[in-house]
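In order of appearance the chains are A, B, C and D, and numbering begins at 1 in each one.
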Amino acid sequence: MGSGIARNLLRAGHQLTVYNRTREKAEALVAEGARVANSPAEAVRGAEAVHTMLSDDAAVREVVFGRDGFAATMGRDAVHISHSTISTALARELAAAGHGYLSATVFGRPEAAEAKKLVVVTAGPPDQVARFRPLLDAIGRQTVVAGTEPWQANAIKLCGNFMIASMLEAFGEAYALMRKAHIDPHAFLEAMNGLFASPVYANYGAMIADEKFEPAGFALKLGLKDMRLALAAAEECSAPMPMTSVVHDRFLSAAANGQGEMDWSSIARVAARGAGL
Amino acid sequence: MGSGIARNLLRAGHQLTVYNRTREKAEALVAEGARVANSPAEAVRGAEAVHTMLSDDAAVREVVFGRDGFAATMGRDAVHISHSTISTALARELAAAGHGYLSATVFGRPEAAEAKKLVVVTAGPPDQVARFRPLLDAIGRQTVVAGTEPWQANAIKLCGNFMIASMLEAFGEAYALMRKAHIDPHAFLEAMNGLFASPVYANYGAMIADEKFEPAGFALKLGLKDMRLALAAAEECSAPMPMTSVVHDRFLSAAANGQGEMDWSSIARVAARGAGL
Amino acid sequence: MGSGIARNLLRAGHQLTVYNRTREKAEALVAEGARVANSPAEAVRGAEAVHTMLSDDAAVREVVFGRDGFAATMGRDAVHISHSTISTALARELAAAGHGYLSATVFGRPEAAEAKKLVVVTAGPPDQVARFRPLLDAIGRQTVVAGTEPWQANAIKLCGNFMIASMLEAFGEAYALMRKAHIDPHAFLEAMNGLFASPVYANYGAMIADEKFEPAGFALKLGLKDMRLALAAAEECSAPMPMTSVVHDRFLSAAANGQGEMDWSSIARVAARGAGL
Amino acid sequence: MGSGIARNLLRAGHQLTVYNRTREKAEALVAEGARVANSPAEAVRGAEAVHTMLSDDAAVREVVFGRDGFAATMGRDAVHISHSTISTALARELAAAGHGYLSATVFGRPEAAEAKKLVVVTAGPPDQVARFRPLLDAIGRQTVVAGTEPWQANAIKLCGNFMIASMLEAFGEAYALMRKAHIDPHAFLEAMNGLFASPVYANYGAMIADEKFEPAGFALKLGLKDMRLALAAAEECSAPMPMTSVVHDRFLSAAANGQGEMDWSSIARVAARGAGL
């Protein structure tokens, strides 16, 4: 995801210094004008905006507060723009950490990031949102402002992933019934495509019907993590989400049965196993 | 729904005799060439195909097997084409009742029926499906063949309604969190429209965000009935559907709290109440 | 169950004519004073009270309304006392069938029936409950009067079985965690016995810890049936029971995985499989 | 809870220094031979064993690692014996904190603690369990050894609380049905007492039937916390617990509706509200 975002920032004419643990990934951007840094701490020197795109809370924590983290080297006026899918709790912590902070979560696969087709959901102090809006518009096709507290954007991202995940589980349950009823899941999918007319349904519905879960577009273990974070946000807000709990438990069962590295759409296998398939 | 279907059959050049308990509804079709019958038994005389579109199992049972039902008056070669959302069990019973029978369930609202935009899902003996295919193509924009057993089309219809209902519940849970988090549900919806790009999401997402549940496009008590029938099909096939159970129980809670006649999207109120809203 | 009940009625000094599809089971009671009939219809002639103890709705329906059923041969003043675990809907149907009817459901295993240790839950018109109370007291150690409508006793029986079943599922989930945590389930059971001090916990807790599910004391497929009937009663009364739904779906998964004839405590295997065990 | 435990340690002849944030609570034990300390740090000086009984992770963390915490003042050979219901994660952290550590969780209400009737579940290195076993036997009627890793005792405690909580929810669902069916919940309870013969069922079943939720014996917000910790343990072990999730979400709904300080048995109100009661 990160390189797509970086590429679009470069295309929009911004100066960019990049860092990745795997240095080759960073160097791939040199041809397009990026400079490569040796550490997060080094990458942010002199920057106005610091974008991060990482896999989970621990990785963000390390890059910000860790030994070579950038917390200490960021400029006084610089703002950290976090694109990662992290907990609302960490977003609040980052917002309180002493420099500017915006959450700017993104929906879309790596291809969408490359193609500047992400849906960006941001939240934070209105003046900072206004100031950095051009950066957000540069990386996606649509920018949604969720509110004035950064963690609100993270709540939307987590719930959005729940919306997709519940669709995956719904397909899983329906297909399990179809298969036990000797109905080709593709017939069901054809009807659903007629009904929902959504590329997300078409794409995932086909993956599950074809049981093609590798290579993973989005690893199931990350989906599990996101459901855990969505439920944590729900608990913070005292808003029970029983269907989210079902989806979470199904991801956990999938992980317990060795599917952590498969695509998260393989949650459908849990329903299939439950039906004796 | 029935009048839209009837109108498109007339437009396709078929001769049609119509019956409705509320005679005016039937008579509204006279101007377009329909004849009106006084009873189901009378309506089917001489017909090659008998279409039914009714609200539930009991209504279908009455029209077929009841006092003025058409079971006795249907021609030997005539085929009953059932568009209603009924149980798989009743579909099997109708298929075993002695004359030809096809299930031809439909997805779409009354406006879609009028506009010949239904998605039709049919199942039955291949020769009969082939024979009556033109009738099905005349009433929708897409015809999906589910299998050779009529009840298979009913299984697809029930699971399709579950797909929509689970989306409604997902919106309900997410919006409850949004509201507790002081985020405008419309911001969440904007992101979901960017993500799913589905008219079904756009339509229901807006209804729930606006809490506009009356008048009902599809009554919640019918959604409850459909989830019950989906779970009954799941039990027949030994295919557990835990998320469907959650959705069913939420509809039941909505009905217990006086929402039976509201639109089924008002299931979202259950999540709201559960969050103390 | 039936023979234990019959034996205690004989011991209490009542005259008894017995019928069982498997004639030897009936004849085993001759030595204790019972007469054997060739059909349900014959068995009830001249009887004041007609006890039935059968496995499900279909069996009760057959014995009452079937070809050799007793509906037609029961005396005008006779009362049908149904001990079976049947649906509330069938109880209402039996109560409306034209002769006296009491539901008198029972909790306890066959050994408890033999030992006159059943818990009997009855409901029906107060005068009939009073009249036949001695028969109920003769077969159990405790008689609970649930209300004046027979089906109310069936609602209690179904919910009582749910209470046990939810305990089984709770053990299943806890033991799965124990095993993944390298804790001996017997240590957990020891603590639970200290805590609950209930023979039901001790008994089932040990069966599940030992994974000894055969022979079945109570077949899982019957537990599944009872959860279905409990949920049907819940729907009739508009009282959502989400935990009951979870238990139902777990039994269904167990049945789909070949455990229908095992003891219902084998529901614990569903949690184990879900955890990758 | 703490004072009952302290009293039984004194009765068994042990020397005891006590600390409580509310000094009067500590001083109440002086008459029985306890000395009172001004801080946790002071309380542990010279002690062989340090018992803690606190409400949650944060409180334990404060008392151990906080400003006046005892981590720095504990003797080299001293062992921390934690009776609190805390997360398995914190138990692991405490075990790794540099001095001896045993988890010794307890089941029972304050009255049971006073009466030396607790069920104690301990885990830790076998030599330390053996060394401190007399202290554990002094405070309860039964000591269960869960394993060699302290957190295993916490896993048992959390799952034990889930066993109770799932019983509470089961009563709640059953009673809601009873009330909608015009059956007195006490009739259902009478049958359950006949069936389970457990004081826990008798006690909680009556509280819920009488809807007597204040004053709280155990606050609902603590029950919610325990279900969260049980689910966290389940996730650590990859052992999905879907019924636990239901119970968790019901507690969360209760808390969202203002029941956090009521007894946890008031979870039954969630089922009642869901049924429109």
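The criterion applied here is as follows: contacts are C-beta pairs under 8 Å (C-beta built on N, C-alpha and C of every residue); 3 or more make two chains touch, one makes a residue touch a chain.
Bear in mind the structure is a predicted one, so any value in this text is a computation, not a measurement.
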| Going only through chains that touch each other, what is the minimum step count from chain B to chain D? | 1
| task | Any chance you could name the chains that touch chain B and chain C both? | result | A, D
| task | By the contact definition above, name the pair with the higher C-beta contact count: A-D or A-C. | result | A-D
| What chain lies farthest away from chain A once each centre is taken as the mean of the Cα atoms? | C
| field | Cα-centroid distance, chain A relative to chain D, in whole angstrom | value | 38
| said: I'd like the Å distance between the centres of chain A and chain C, where a centre is the mean of that chain's Cα atoms. | reply: 51
| said: Where in chain C do residues touch two or more of the other chains? | reply: 180, 234, 238-242, 246, 249-250, 253, 256, 274-276
| task | Name, in rising order, each residue of chain C that touches chain B in their complex. | result | 228, 234-235, 238-242, 245-246, 248-250, 252-253, 255-256
| In the complex, chain A residues that touch chain B | 107, 119, 121, 141-142, 144-147, 149, 152, 155-156, 159-160, 162-164, 166-167, 169-171, 173-174, 176-184, 187-188, 190-192, 194-201, 233-234, 237-244, 246-247, 250, 271, 274-276
| Given the complex with chain A, which residues does chain C contribute to the contact? | 180, 242, 249, 253, 256-258, 270, 273-276
